[in-house]
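Here subunit A shows up in two complexes: once beside subunit B, once beside subunit C.
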Partner chain A sequence: MPAGEAGANRIELPAQPDSISRLWDWLAGRLGPIEPGPELSHAIRLCAEEIATNIVMHAYPGRADGTFAVGLEADPAADGAVRLSFEDWGIPFDPTAHAPAAAAGTVAEAEIGGLGIPLVRGFVQQMAYERHGAANRLTLVFARGAS
Partner chain B sequence: MQIVEEPFGSGIVVRPIGRLDSTTAPAAEQAIREAMTRSGHRLLLDMGDLDYVSSAGLRVVLAAAKQSNAASGRFLVCDLKPQVRQVFELSGFTRIISIVATRAEAEL
Partner chain C sequence: MQISVEKLPDAVTRVVLSGPLDIKGAAAVELPFTTATSANERVVVDVAEVDYVASIGLRLLVSAARTVSRRGGRLVLCHTTENVSKVLAMSGLSQMLPSFPTLEEAVAAVRQPA
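Entry: the complex of A and B
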């Protein structure tokens, strides 16, 4: 399917910073029929930004031609849980293996960076990763009615 | 993103309006860094008009706190909306950043 096709279950975007706002626009259109409510919408938008930003910044070092794909669907068989999936073909990276940093006790100790994945963990019910051939595949599952 | 700045107590209050995310954070970080310097490192960040903060926004807040700390200044955050507070809590920021409920409770 053509990248960015309106209404499609999946969008493929260049791994470039301006793809983040294109992803939000696409998500806004996709979220309408799913009717997630404000809290779940916020969680999905935030996790999409965090994961997509990581891909844009880190998946394709030294390359400008990388792309990534995002899918969003509600699963009627799982109480309408919402599944947000990412696929990229960059360097292997498993966010689920990214150990949460020890909580900093002071501003001076706190590190600028590494804040995104712990935040995603806080919002999702489930986070699953697989390396499939040359692809990183990450699926985030959001419970309906939970944030 | 629009950022409103005015004198407050012995320093400056900065009020970003809209979303503090990966697309707006670089400009916000620069504006806050410059305001911090002008304020003599006494700055209140009023988040009452921020609907959304991601980790890119948290980095801006942490950078401001570090800048103020390094100069033995004072940095406070006020008026977090519920979804912004949740992001602060999940990141442990509520433990390390000085947060007050409203601007009226902030002293610089």
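Entry: the complex of A and C
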């Protein structure tokens, strides 16, 4: 089993920038057989990378030894939905409680931070968070054909 | 991620980006992109070869647009791919980063007074 693989449908990665592209490589390999199509693939990649970026940048301030885990569930025979679950053991952060970014009127007054979570919100059908002990657990659900 | 810069007539600068504008791509082009855009007032960013943009890439584009705007100029996009258009619309940045289907229309837009 390659380093980082915690099971066929779960991977654990260091909370480091390199892990963001490694995550998509892993997901792309597992999404292939379920043939998600270009739109759903794009939505999954974008959301996975935004959440992973958030974890890498913010979950473990002052620490270099943090990790995070990502799970993938897809059952085309059932409802066809694709579920991505994220788990990290960093500081508590609930993306579902993150206020949507206010649209700025002009370029000059634009607030350029905080774009990632609103983007995820726009591309997923469901987003659920729980703090479980020392873990942040986030689940994203993508409905086939609805992205 | 690759970048090239071309000077067009009427002091228009065309910046061509190519590749995914993700965390790696944004880091790779940040310096040359910022250098190319910050010194100019009429900037067209051609993203025909960018099929993926993450929020970190949007931040790079908005930051450049803001710098150009503060100098009294305009930065626009052209040849936006479907994925990138969708992300721009979803992020609410379509007005801040206007996009044109052709280079000619984008050039005409940046030649307008800001």
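Assume the second predicted complex is superposed on the first by the 137 of 147 C-alpha atoms of A that agree within 3 Å, B and C clash if a C-alpha of one lies under 4 Å from a C-alpha of the other, contacts with A are read in each partner's own complex, and residues count from 1 in each chain.
Following the convention adopted for this analysis, a contact is a pair of C-beta atoms (placed from the backbone, for glycine too) under 8 Å apart; a residue touches a chain by one contact, two chains touch by 3 or more.
Because the structure is a prediction, the values reported are computed rather than measured.
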Should subunit B and subunit C be called a clash or a fit once both complexes are overlaid on subunit A? clash
For A:118, using the defined touch cut-off, is the partner it touches subunit B, subunit C, both, or neither? Pick first, second, both or neither. both
Using the touch definition from the top, say if A:46 reaches subunit B (first), subunit C (second), both or neither. both
Taking the superposition on A as described, I'd like to know which of subunit B and subunit C A:20 touches: first, second, both or neither. both
Taking the two structures together, which residues of subunit A meet both subunit B and subunit C? 17, 20-21, 42, 45-46, 49-50, 53, 103-104, 106-108, 110, 112-113, 115-116, 118-119, 122-123
Contact footprint of subunit B on subunit A as seen in their complex: 17, 20-21, 38-39, 42, 45-46, 49-50, 53, 103-108, 110, 112-113, 115-116, 118-119, 122-123, 147
Could you pull out which subunit C residues touch subunit A in their complex? 22-24, 52, 54-56, 58-59, 62-63, 65-66, 68-70, 75, 83, 86-87, 90-93, 96
Taking the touch rule as given, give the residues of subunit A at its contact with subunit C in the complex, in rising order. 17, 20-21, 42, 45-46, 49-50, 53, 101, 103-104, 106-108, 110, 112-113, 115-116, 118-119, 122-123
Show me the residue ranges of subunit B that touch subunit A in the complex, using the header's touch definition. 21-23, 52, 54-56, 58-59, 62-63, 65-66, 69, 83, 86-87, 90-92, 95-97
